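Note that chain A is present in both complexes that follow, paired respectively with chain B and with chain C.
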Partner chain A sequence: MVLHKFGEKLYSGLVATMTFHLKEICSSIEAAQGGLFLEELNRKWADHNKALQMIRDILMYMDRTFIPSAHKTPVHELGLNLWRDVVIHSSKIQTRLLDTLLELIQGERSGEVINRGLMRNITKMLMDLGSSVYQDDFEKQFLESSADFYRLESQEFIESCDCGEYLKKAERRLNEEIERVSHYLDAKSEAKITNVVEKELIESHMQRLVHMENSGLVNMIVGDKYEDLGRMYSLFRRVASGLVLIRDVMTSYIRETGKQLVTDLERLKDPVDFVQRLLDIKDKYDKIIGSAFSNDKTFQNALNSSFEYFINLNSRSPEYISLFVDDKLRKGLKGVSEEDVEIILDKVMMLFRYLQEKDVFEKYYKQHLAKRLLSGKTVSDDAERSLIVKLKTECGYQFTSKLEGMFTDMKTSEDTMQGFYANVGADLGDGPTLSVQVLTTGSWPTQPINTCNLPTEILSICEKFRNYYLGTHTGRRLTWQTNMGTADLKATFGKGQKHELNVSTYQMCVLMLFNNTDRLTYREIEQAAEIPASDLKRCLQSLACVKGKNVLRKEPMSKDIADSDAFFFNDKFTSKFFKVKIGTVVAQRESEPENQETRQRVEEDRKPQIEAAIVRIMKARRVLDHNNIVTEVTKQLQSRFLPNPVVIKKRIESLIEREFLERDKGDRKLYRYLA
Partner chain B sequence: MRRASAKKTGQPNPIPFSHTDLFRSASSKASSKEMERIDNLFYSYCNRSSGMIDPEGIETLCSDMEVHHTDVRILMLAWKMKAEKQGYFTLEEWRRGLKALRADTVSKLKKALPELEKEVRRPTNFLDLYSYSFRYCLTEEKQKSIDIESICQLLDLVLGSQFRAQVDYLIEYLKIQSDYKVINMDQWLGFYRFCNEISFPDFSGYDPELAWPLILDNFVEWMRAKQT
Partner chain C sequence: MHKLGRGHRDKIQQFITITGASEKVALQALKASDWHLEGALDVFYSQPQIRSFTDTRHLEELYNRYKDPYSDMILADGITLLCNDLQVDPQDIVMLVVSWHMKAATMCEFSKQEFIGGLQAVGIDSLEKFRERITFMRSELKDEHKFREIYNFAFGWAKEKGQKSLALDTAIGMWQLLFAEKHWPLVDHWCQFLQARHNKAISRDTWSQLLEFARTIDPALSNYDAEGAWPYLIDEFVEYLYENGIIQKDDYSQKQ
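After this line comes the complex of A and B, so read on.
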């Protein structure tokens, strides 16, 4: 027919015929009852498709020639459009179809089993008819009614469940929908329906869930509920600002607990325990972030900044961390494997990094290290050195050069002693043996030089050593550090019991006085020994007032030392140990006044460092305004401490007075470098 | 006498006379007469042994002028003379000052004071006087700072009339604070800038994060605490 120019007639005939036919099909579908509606529709659709195929084949010539030139819709497409217009959009079918589909889905959500294959065919049909048909005639309503459904359900859940249960339910629903889509909906619907679920089940109730009493985020953290936390993380991740919420709540909780810990006066009495608690907290959260929050970097950062925040709230944190290390290196690491030692030291380094006042740590570390080295009380030389290497890597050579100097001095002293005894040993005879550590002044913590009269019994060997040393090292000056030494004394008591007393140098000086007399007053001791009063009193207390170590007896028996007290050699002293340790050279938490003193020294040390930074900066920049100087100085010094802006200003003024800087004559807000 | 003074200035005796020459020699005659009177005035107050006018001499001069020796106008006079040492005037300084003021008698000097005051009040001159007054008070050679007590007196003297309220509070603060026992030139200059630039008593516009001397930061903090 086409060939004979009857294309138009053919085409319109086709349209008419098909339309008529479809109307009949329509009525038959409409007539279908209840559940059979969909099946009927499905069957007729299948038939129609088959028919369309055949028609297309038959009218292929028209399809290829007449239709394009006459700008008509191709046959197949025409067939689909007609199906759409006549059947799907028929008034009786359109709404019924939609309602049926939604009803079935709703049923499935309530636990019913539905014919998924049928569903798939229907939705596929809609897609074939055009994605706009799928959307307009199904998807839009589907999404809306799902939203309504989940809104209600979520409200129900939230009233009746705790956080963990709710999240489980939400997860289940979410997975359901995803599965639903894969089975009988168009793939593009997945993102849309999951959005709906996320919004209704998660987003709307985020705040309430996180803050839920006795089951919310904080509760999960406290209880290490990794599974619940992981679920929360993966669900909230789907929602904008979901993770931010979790992170913020977690952060403020960490900061709160951290702050409580560092301000808890009871806890602070035991520095080692305090630091261990810090490490435990860090471990706890590392584990949570690792197992539940998939090592999320932003969470790691939040944890780090929280630690940095509260560790620095307590100005004694640097001291305590050093005491912790001291405890470990002194005894805590005994018997621990090398790898485990490394792990503990790395953890200490991690805390060190959080410190703002690293220079304070350095000061205490030096003091404690000195005590450890001089008393020979370090568990492992390797561990000590390993930590120094770590500090060097973190802070640079300057930080650790002095510490390394201390180790060198110890070693050198060993060699010196060997040389001494080799050289002079023969002349010594039966006298006391001496062991000297020669300390290079700059490397060791500074000590004020105190007076102290050494007992005559050891004066001669001390002199011999001094002469020996100065003989081999000209141009040096040696000073006995009488507040740092120890002595082992052999003592015989009333009933002939012998003990070996391990005492400090001061204690030795005092005790030796009792070789010549049994009774001495405080004043007499003070005069003879010439030890400063506060040290002497402490020394006498440790010799006379401590149970089990009272080699001296005091009258009166009070705990404090008064100038009028008298001391007696305690004939009746007993101890079950042969060796009695009375000296105290162990590093301890500083008393308040000592702490103040150290802090003052630290402040003094900082002044030249700040000045040096200012001069460096001004030399490079020539002219700079105040704010920028403060910023630059802070940046330069941040690896050691956080400079106080007021102190910076004071230093600038001092530099102006000493004519390193001047105020710019034109703009008095600027400073100028004077060459 | 004239020949002697001509010898001093190294001027040859003028040979051909013109009118300007006449005038010039007349004015040089007058000016040397003036210088003579100035010198004589100097000698009437100076201390014979030191060759300078010393504090006693200045006191006498002041009573002759009917001005108190602690009056700020004496400071201004010293400034005009560019006198180096407080309480002393050298001949050169005396000459410089009186010549500039065109005064060769005590009464002329006294009459010149109001004019001098006006001159000083001009902003550029005042700043100069202000810094001068600090240096003038330094007595030792390497001295760079002045004690608090003296600074308070100086502040009152130099700035008191212009900035009464600020000066009073500043003096009160300086006396009770313990951070600084002396004040240096930088801080001294800061005080003037402060009075000039910062409104009082609200201190709006004062920013301690700028380059103000720390002592002023503390002063403002103290004032603000008082005001609440």
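After this line comes the complex of A and C, so read on.
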């Protein structure tokens, strides 16, 4: 017919015929009852497609010639459009179709089994008719009604479930919807429906879930509920600011517990325990972040900043960390494998990095190291050195050069002693055996010089050593540090029992006095020994007032030492052990006044460091304003401590006074470097 | 002269009295400085030709009158005599201005060079001229720029030789004197604060910065900026004022 220019007629005939036919089909579908509706629709659709195929084949010529030139819709497409307009959009069918589909889905959500294959065909039909058909005639409503459904359901859940249960339910629903899409909805619907679920089940109730009493985030953290936490993480991740919420709540909880720990006065009485608790907390959260939060970097950062925050709330943290290290290196690492030693030291370094006042740590570390070295009480030389290396890597050579000097001195002293006995040994006869550590003044912590009268026997051998040493090292000065030494004394008591007493030098001086008499008053001891009063009292306390170590007897038997007390050699002293340790050289937590003193010294040490930084900066910049100087100085010194802006200002003024700097004549906030 | 108003005529008269210049010169100078007497005097005295007019012999005589019998300097007694001759109280602040002109190194003494050289530079070679000039010198304190120079000069002048800082008592005395000329409402509080809290010498920087503080910061501290790089002593002073309720700290005056 086309050939004979009857294309138009053919075409319109086609349209009319098909339309008429489809109207009939429409009625038959409408007539279908209940569940058969969809089936009927599906069947008729399949028929229609088949028919369209044939019609297209038959009218192929028209399709290829007349239709393009007349700008008409191609046959197949026409067929689909007519189906859409006549059948799908017929007033009865349109709504009924949508309602049926939604009903079925709702049923499935309630646990019913539905014919998924049929569903798939129907939705595919809609897609074939055009994605706008799918969206307008189905998807839009689907999303809306789903939203309503989940809104209600989530409200129900939240009233009746605890956090963990709720999350499980939410996860289940989410997975369901994803599965639903894969089975009988168009793939593009997945993102849209999951958005709905996320919004209704998760986003709307996020806050309430996280803060839920007895089951919320904090509860999960406390109970190490990794599974629940993991679930929360993966669900909340889907929602904007979901992770931020978790992170913020976790952070404030860590900060709170951390703050409590560092301000708990009872806890602080045992520094080693305190630091162990810090490490335990860190381990706990590392584990949570690792197993439940998939090592999320932002969580790691939040953990780090929290630690930095509360560790520095307590100004004695540096001291305590050093005491922890001291305890480990003294005995804590006995029998521990090399690998485990490294692990513990690395953990210590991790805490060290959080410290703002690293220079305070250095001061204490030096003190404690000195005590360990001098009393020979270090468990492992390798462990000591390993830690020094780690500190050097972290802070640079300057931090550790003096510490290394201390080790060198110990080694050199060994050699010196060997030389001493080799050279002078023969002349010594039966006198006491001496062991000297020669300490280079700059490397070791500064000590006040105290008086002390050494017993004659000791004095003479000390002199011999001094002569020997100065003989080989001219131009040096030796000062005996009597407050740092130890002695081993052989003592015989009343019933002939012999013991070896390990005591401090001061204690030795006191005990030796009893070689000549059985009774001495405090005053007499003070006069004879010339030891400063506070040290002497402490010394006498440890000799007379401690059970199991009371080699002296005191009258009266009170705990404190009074100037009027009298002391006796304790004949009746007994001990299970042959060797009795009475010395007091163990590093201890400082008393308040001692702590103040150390703090003052640290502040004094900081002044020249701040000045040096200012001068360095000004030398480079020549002219700089006040606020920028403060910022730069803080930056330069941050690896050691956080300088106080008021102190920086005072140092600037001091430098102005000493004519290193001047104020700019025009702008008083500007400073100039004076060459 | 008939064209001039009464005020102008008075000024010309004053000018002549003070400088001893001719009427013509007076008229010129005053016109040039828009009839501001101080300005006109300023210009007149800064003219270099003045120096050649001084008689060195007279100055030597004057120096010898005041010089100490045992050393080649004018010391306390000589200064007292000079003040008497000038009809000026030795405690009068105008003596500070005199010392400034002479570039005197230390208070209560003038070296020969300082005395003679200083007077020469300002064109004075007789007691008469000196007396006449005193009024003008007093007026110099009213000039903002000169006051600052005199104020800063006072630090070096008032402190002990060889010291870097100014003793607190002396500083307080100087401040009382100086801020009587240039009124600063907080001066008494400042002195009290120092005596209560500081009790140490005053550095040069603090001294000079205090003037800036008095000049630029409103006595209610509304424009005080804690980030303003003021010497720490001044920051502490501000805190002291707030702590003791002398100044109310309101949102207005807090700057972040």
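A few remarks follow.
Definition applied: the second predicted complex is superposed on the first by the 675 of 675 C-alpha atoms of A that agree within 3 Å, B and C clash if a C-alpha of one lies under 4 Å from a C-alpha of the other, contacts with A are read in each partner's own complex, and residues count from 1 in each chain.
In this text, a residue touches a chain if its C-beta (ideal position, glycine included) is under 8 Å from a C-beta of that chain, and two chains touch if they have at least 3 such contacts.
Keep in mind that this is a model prediction, so the values were computed, not measured.
Once the two complexes are overlaid on the shared chain, A:Arg64 sits clear of chain B and of chain C alike. Look at A:Lys188: by the touch rule set out above, it reaches neither chain B nor chain C.
Look at A:Ile656: by the touch rule set out above, it reaches both chain B and chain C. When both complexes are overlaid on chain A, the residue A:His211 reaches neither chain B nor chain C.
Contacts of A:Arg466 after superposition: neither chain B nor chain C is touched.
Touch criterion met: A:Val646 reaches chain B and chain C at once. Counted by residues of chain A touched, the larger count belongs to B, out of chain B and chain C.
Legend: residue contacts after superposition of the two complexes on their common chain; A:Lys269 is shown touching neither chain B nor chain C. Once both structures are placed on chain A, chain A residues 625-627, 646, 649-650, 653, 656-657, 663, 668-669 are touched by chain B and, in the other complex, by chain C.
By the touch criterion given at the top, residues 164-165, 203-206, 209, 212, 227-229, 231-232, 235 of chain C touch chain A in their complex.
Those residues of chain B lying in contact with chain A across their complex are 144, 184, 186-187, 193, 209-211, 213-214, 217. Only residues 625-627, 646, 649-650, 653, 656-657, 663, 668-669 of chain A touch chain C when the two sit together in their complex.
In the complex of the two chains, the chain A residues touching chain B come out as 625-627, 630, 645-646, 649-650, 653, 656-657, 663, 668-671.
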